[in-house]
Structures are given as structure tokens and as C-alpha cells.
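Per-chain residue numbering starts at 1, and chain names A, B, C and D are given in the order in which the chains are listed.
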Amino acid sequence: MADEILGVEENVDNMVHLPRVTIWNEYRHEKTHAEVARVYPDGMHEAIASRLRAEGLEVRTATLDEPEHGLTDAVLAQTDVLIWWGHMAHDDVEDAIVGRVYERVLDGMGLIVLHSGHYSKIFKRLMGTSCSLKWREIGERERIWVVEPGHPIAEGLGEYFEVPRAEMYGERFDVPAPDTLVFVSWFQGGEVFRSGCCYHRGKGKIFYFRPGHETYPIFYQPDVLRVIVNAARWAAPVGGPQVRFGHVPDPLS
Amino acid sequence: MADEILGVEENVDNMVHLPRVTIWNEYRHEKTHAEVARVYPDGMHEAIASRLRAEGLEVRTATLDEPEHGLTDAVLAQTDVLIWWGHMAHDDVEDAIVGRVYERVLDGMGLIVLHSGHYSKIFKRLMGTSCSLKWREIGERERIWVVEPGHPIAEGLGEYFEVPRAEMYGERFDVPAPDTLVFVSWFQGGEVFRSGCCYHRGKGKIFYFRPGHETYPIFYQPDVLRVIVNAARWAAPVGGPQVRFGHVPDPLS
Amino acid sequence: MADEILGVEENVDNMVHLPRVTIWNEYRHEKTHAEVARVYPDGMHEAIASRLRAEGLEVRTATLDEPEHGLTDAVLAQTDVLIWWGHMAHDDVEDAIVGRVYERVLDGMGLIVLHSGHYSKIFKRLMGTSCSLKWREIGERERIWVVEPGHPIAEGLGEYFEVPRAEMYGERFDVPAPDTLVFVSWFQGGEVFRSGCCYHRGKGKIFYFRPGHETYPIFYQPDVLRVIVNAARWAAPVGGPQVRFGHVPDPLS
Amino acid sequence: MADEILGVEENVDNMVHLPRVTIWNEYRHEKTHAEVARVYPDGMHEAIASRLRAEGLEVRTATLDEPEHGLTDAVLAQTDVLIWWGHMAHDDVEDAIVGRVYERVLDGMGLIVLHSGHYSKIFKRLMGTSCSLKWREIGERERIWVVEPGHPIAEGLGEYFEVPRAEMYGERFDVPAPDTLVFVSWFQGGEVFRSGCCYHRGKGKIFYFRPGHETYPIFYQPDVLRVIVNAARWAAPVGGPQVRFGHVPDPLS
């Protein structure tokens, strides 16, 4: 153990690069619906943040009604992975801020999109498709199966985990086929859904994760939080090449 | 219309290249189990063959107990797409015949593997993995969802189709992630399955299709047969480049 | 042969569904640069169109300076596959028309994007990335290798074909990893490029094809035209499921 | 810094899980060809091992002529990632040992296959294809381009790196399309090659990396070694679900 610590001290490359995470929450439901406020008194972002902090990650939060939605250039510059939850106010997110986030993703920032974030401007822009799906809200049971058990986002999970009461999202989910499909959901009412989808876009990595809802206590479930932690690590930027686009000189001149 | 036919006459390239299909069936259950014989009196291969013939395809059949399992060099040379069903006698298929089929697939022959064929020698060899899965046989309901609606194998289908009584196959299905995932199954008992998986291997195309069973009349279902017809067309060889492997000369000499 | 024709007459499903193709060309270079006009006196679109017509395809053309850029609702409704070439005037394409094309692609229309079309609004919107790349224009040699020889877009090709004088496009090409990578280019000056990229987006299929340039006679090369014909067939819509998005009723009620 | 170390001490989950690596080398060329012995006096495995050890990884080596090729059950049980180099004696590797390695990969062990290892029994078995390619040995220049700059295997690299004198490997490379393509090689003589290919197979991760040769000092190049270190970290097992295959009980009984 002493040797391992020594190794860590002497070789910075071997340190865990714990990503700096910013959790963005629309944070409107919690302030306007008593039922949501009861489940998430400090907002969904704080439910997620507290677990990530317990894992040792540096976490900040940002919400829609802050100036610049809390996503200033300075904040984004210090964000390795951005987590996104939105639902009722996607259209209130300013295009300029969406553009800012978009550029950061292409430049390497990770992005984790949760549940109803499938319809956010940023996710639709990065996917290039409608991101539409089927939905139904009867509080049915969801079972989330791991289909790629060697993927780092599946670390620490069993073969499946369940959400006892979920809003159903069903196929066809109009997204590009993921680079890696990690989870597929089964719903009691007869639907399936590609629930854990990994994408490379630009130098950034994106993970769409289906579970999560404003009136169900899903963001307190250990397995759900485990996935979010895993995804934050997976999506963290790597020190890859600095890419230059545009004209290149004649190699012979 | 006359012009179109004329066009077809004058330009062979515009002809539909209807693939020549060989349906291989283990054909043991049908001869030894009365229940199976009642459902498929002429064998599962004939149930499939009759539909493919009705579509205008040139179809032959081959079975395990024929000499060389019916898969002579001559037969394979005239086969564009091979359909494979096996279950109780995978081990009785001779390695030399498996090798022959394998070489033909790499050389461009299409291969459609049905249901319990997931454990056939030829499928395991081409996948490079165990091809294991979960199973349960209680005659539960299966709903097969189209997740890639623009794929030719989904032609003519609705958003899903059902098998009223099915043997369940559940994830984790230990295959490589498909090049294209076309179908995902939902099962009444709580499982999901990647039910329609497309692969390129060598110059050949492979389609794994989950439905089908010896004691259920699944191979009479129009949607199931529709998929098999579509897959046969998709998997047909194209006149791609003749690939040469090995040493190539110095371009400067 | 008579029987085959008979078969075609009697079974419409077995007809070749030759796609109806619209070739969209920016058509500005040809009118303003003498050098371009000399190579393509009737515009690049006509060079491509004449070959597609010779293959029996129904072809129309459309250009930037026509009303609605020639892409009215009526035209798009009768277009199975849209081919796109643009370069100097990407910004002059109206967003409303881009949106119209976008919706048609998600609804199943095929799209083939040629060369400098990588920077078109429609391609960037569908890819969700910058679509940037490296470039150099010294008329160097390009060799386009087939890396997926079983794909229908490789039909009729050798292992590679060459463009004797090409504008170089080099990696990193900032697009999503293609669903299928068919071609990789080698350039004399030391670069490589993913030159033939297949994507499913919505119900539509997209093919990006690198070769082509306004001052080189690349759109007269038989292999280049062979690829465009193959791609038009591959990208043609299939009669897949009519997808419904949104709320679905409670299955139990 | 002290806090970071403290964090590491207190939270084992945040430790870097440096993989335990076994480097397997055929180790015949070095003993029989003076030219090879001059370049790699202690064998190629030691050239690689010394760098990995300098990174803090726990490394052991194994060679063909040891009992059980050095790959006993005990060794494999303590191996997180196996690196494989072979060339002249692929056939001398016993099938039983290949089967043992195969099972370990499906169970989660990472596998990095170098250069001529493309023709090893273990790689061909896991790929399910011929793994054939073109080759030429004139000591030409190779330039290896990063095409997925956000992938962890690209960490620390520039946009490309070069091997000044390389054996050429050219497409068509008869492998399944990789789950992620990280590198594409350019060769002076006119060929391209998919040089960095990532695969999930079973619970294991596989990376094929093209560079490397017995008579060129390629395994001393910092960029090449950087890639091998990165790949070892990427391919390390994760604590994913324990997958159970086979019969599952009726959920209703």
C-alpha cells in the first residue's frame, strides 16, 4: 500500500483524474409543484450532487433561472462533465448558451443527459435527429438490463436493476444508433427502450441515461446514482490531440 | 409501365437479383417428436421454403441427415443466402462442413441464423464469442420492436409484431454488438433481447433473428416470414471487389 | 430470361424499385469561373444526371438560384434520394429549405452528400458536429480503398480506384463515427480520410462521399459515378413502419 | 496535493486501478536471427515491459517456449491485460492454451494484439474472420492518424505520429468493423490501414494495434509505447455484472 501511494506521488499520470462535474437542472418543477418539492426539496441537482460529492468528485450546480443559466464561460471552462436535466422549459434555454455548451462538448467536455433531457436543445443539436419517443405515465415497473457488461458504465451493477415506478419511454427512440449500447429497458406495459447510449461527438463523450423523473424518487436509488458516477468518469475528457482544421501547407514546398 | 419493363430487359444491372436461398434444417425434432411433427409435418424448412417460393425466390432445402448434411460444394456454390435452423444436434454437424460454410460466408454468401441456431457451430465461429443467453419456456408473449425503421429488413412491418407464445431468450446475449440492431424483443416475464442483429463478416452478411421454435407455429406467422424474406434480400451477395490478400510488390520497382 | 421478366411483371414486390433522384447543385462556380465552366459546361449536376439517367433512374435537378432553391414541397415529395453538392454559397441556402430537407430525411428520404457538401447546413445539422477537416489543393493523387467489400455501395468496384488530381481532405474529419465505413482515402501528401460514410438518421439513410471538385473532371470518372449510382440505390427509402411518437395509452385501461 | 493523496488513501474506489499486465512474446526471432537480437537483445517483451514498469504497472512476461507457454491458469488469473506478439510460430501455440486465454477474455481480461499477432490463433478465434491483409516489407514510412481524438487510447498523442521504417499492412483487413476505430495508417507506397481497432467481446476488451516489427526498433518509440500504456488502461476489466447464462425460472411460479 505504501508503495502504491508512493507510485501515485511520483507519477502524476497515475492519479485518478476525478472529473469536475457541473449538474445543470432546469429547477422549475421543484419550485412550482408541491409534489415535486416534497420528493426533491433541494432540487434534483442536489440529490445527485450529494452522491457525487460523497464519491470525492468536485461538483457544482447550475440552474435555468440563474444569470446565463449558471453556465458562464468561466463555469464551463472548469467543467469536465456536464450533467443535464430539463423538462418543462426546454425552450427557455437561450440559443447562445446552447451554442456555448455545444462548442465545449465538441472540444472535449463530457455530457450526461438524463431522462426528459432527451428533448433539450443541446441533445437534439448534438444528435442531429428529433430525439422523439413514446411515453406513458402510469407509474409502471421498469427493469434496466445491462447488455454490455464489460463497459465501465456497468461497473458495480448486477445484471439488471429496477425502477419500481417509472414513466415509460418506448421505442422507436429517434436517435442515431449509439456507438455503444449499454442498457436496454423493459417496461411492464409492453415497451422496450435503449436506456444507456454512449456517443463520441467531436472530442466529447455523451451518455444518455433514461431513468429519472421529477415526481419519483429515482435520483435517490443507489444503482441510478452508481451509473451517473460511472458515466461521469467515462465521459471525462482525455488529453487527446489538439486538432487543427482548415488549410494545411503543401508538404513538398 | 411498359417502359419500365423495357428498361429491365435492356439493363441487366437493374434486374432484381433475387437471391438463391438454401434453407438448412437440422430436421430431427420433426421426425422424433409427435408434437413437433404435428406443427411442422414437412419440417420447419418447408414452412419457410413455401413462403420464399411464393415470393419468387429460388429455394432449395438441406438437412442434417443427408450426405454432407446436404451442403455439398456444388450446393453452396449455387447458394446466395443460407438460412440455418438447428437445436438438439449442433454437435452432429461435422467440422469440415462448418468450415466449408464459413469460407463461403467470408467469400460473400449471406447467412440467416434462426432462433436456437445461436448455438450452432457456424454462428459461434463467425461471432467469436460464446453466443450464450438466458432462456425459459413457459409459452409467454413476445413483442418484437423495430428500433431501426429505415433498415430494409423492417420493410412492410408495423412498429412491432407479436409472437403469442414464445420461448423466452433474454440478455445478456453474448455476441459482438451488431453492426446494425434492427429489433429488440420484450418478454412478458421481464426480459429483453436484441432480436434482429446485422453483421458484416468477410464479404458476407449475417442476420441473426430470434423468433422461431419447434413446437410453436411461429414459422407460419406472416410478419416472421416477411422478415426472413427481407433478410434474404439484404444478405444477398453484391458484386464487390475481388480481394487479394498477402504480399504485394514494391510500387517503386 | 423470359420467365424472369414474367416474374417481374407478375410480382410488383420483385421489381427493382429504382429511386427517383433529385440532384441539387449550388451551381454558382460554373456560372462565374471560366475554368469550372470549361470542365462542367452544363453544371456538375448534369454530369451526374446523365449517368444516372443512363442507368434507368428517374432524375431531376435543382439549383440554388431557382425559387425555393428548386426544392419545393412538391419536388421533395417526389424525391427518394437527394444528392447534394455545394461549396461557395452554403450560407445562401435558406434555413427554411434546410429544415424542409431535414424533415424529409428523418421521414425516409435518402441523402448523398458530395465532397465540399460536408460543410452544408443540411449535413452539419444531421451530423450534429462541426464536419470540419483538413484540406489542401495541389492536385495530388488520391487512392480510395474499399474497406467493407460486402457493402452494396462497393458493387462493381475493384479493391481501390484513383482520382489522379484531387483536392486533399484529411483527418481528423469531425463527424460521428459512421454506422458503416465503406471507403478510406490515401493521399499522396501523407493524409488519410474516411471517404465513404453511411449513416441512419431517422428513417433516412445518408451517404457522405468525398470525391468531387469543381475544377477537376472527377464527376466524369466511371468509378465515382458507379459509387453514386450504388449509393442512390442503397439510400432509397424502404417501406418501414410508420412510427408514432408521443403519448401512448395505458395498456391496462 | 496532500489532500489529493489523502483522498486517494481514504477512498479505494478512487485509486487508479493500474492493471496487472502480462506481455506474451513468441520470442523465437530474437533467439534465431542475429539482426533481431541486435535490435531487441532481451526480446521485444522486455522493451515493452520496461516502459510499462516505468509507468507503475505490475508487469510479467511469458513466452512460447516456457511450459504452457508461460500462460498457466495461475498466471492468467492474475492478469488483467494480456499483450500478444507472435509471428513465425503461430501454429506452435497449443489449442488448449488458446482456449484458456479465450475464456479469460470472454470473462473480462483485456487483450492487446500487436502487429503480426493479427494472425495468431487467439485473435482469429475472437474475431471470427480470416484476419488477412496485404503486406510489403521495404522499410517505408508509416503515418498513424488519430481519427477519434476523444478516445482514451489517444491520450497524450499529437494528431499523428510516424514510424520511419515500417512493414506495410494494407486494406482490406478482414476483421469485423471495430466498435471504435481510433487510428488509420497511411503508407508511403499507397496503402491505408485501420491501425487501432477497439472491440468488446464477452466481458473483455480487445485492442488491435498495427505498429511493431521484429527488425525495426518500433517498440522503443515513445508514441508507440504511449499507445500500449493507454490501451492497457482502457482494456482493464471493470467490475461489471456477473452474468449468468442458461435456464431461468418462471417468474410467476
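Quick note on the criterion: contacts are C-beta pairs under 8 Å (C-beta built on N, C-alpha and C of every residue); 3 or more make two chains touch, one makes a residue touch a chain.
Remember, it's a predicted structure, so these values are computed and weren't measured experimentally.
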Starting from the Cα centroid of chain B, hunt down the chain whose centroid lies farthest away. A
Where the CA atoms of chain A average out and where those of chain B average out, how many Å apart are those spots? 37
Would you kindly tell me how far, in whole Å, the mean C-alpha position of chain C lies from that of chain A? 33
Give me the residue numbers in chain C that touch at least two other chains, ranges are fine. 146, 148-149, 159, 170, 172, 177, 179-180, 190-191, 200, 202, 241, 243-244
Have a look at which chains touch which and call the overall pattern line, ring, star, complete or other. complete
Please name which positions on chain D make contact with chain B in the complex. 106, 125-130, 132-136, 138, 168, 170, 172, 174, 176-177, 179, 189-191, 199-202, 241, 243-252
Hey, which residues of chain C end up touching chain B in the complex? 4-5, 7-9, 11, 13-16, 18, 55-56, 108, 146, 148-152, 154-159, 179-180, 200, 202-205, 237-244
Touching chain A in the complex: which residues of chain B? 143, 145-149, 159, 170-173, 177, 180-181, 184-187, 190-192, 194
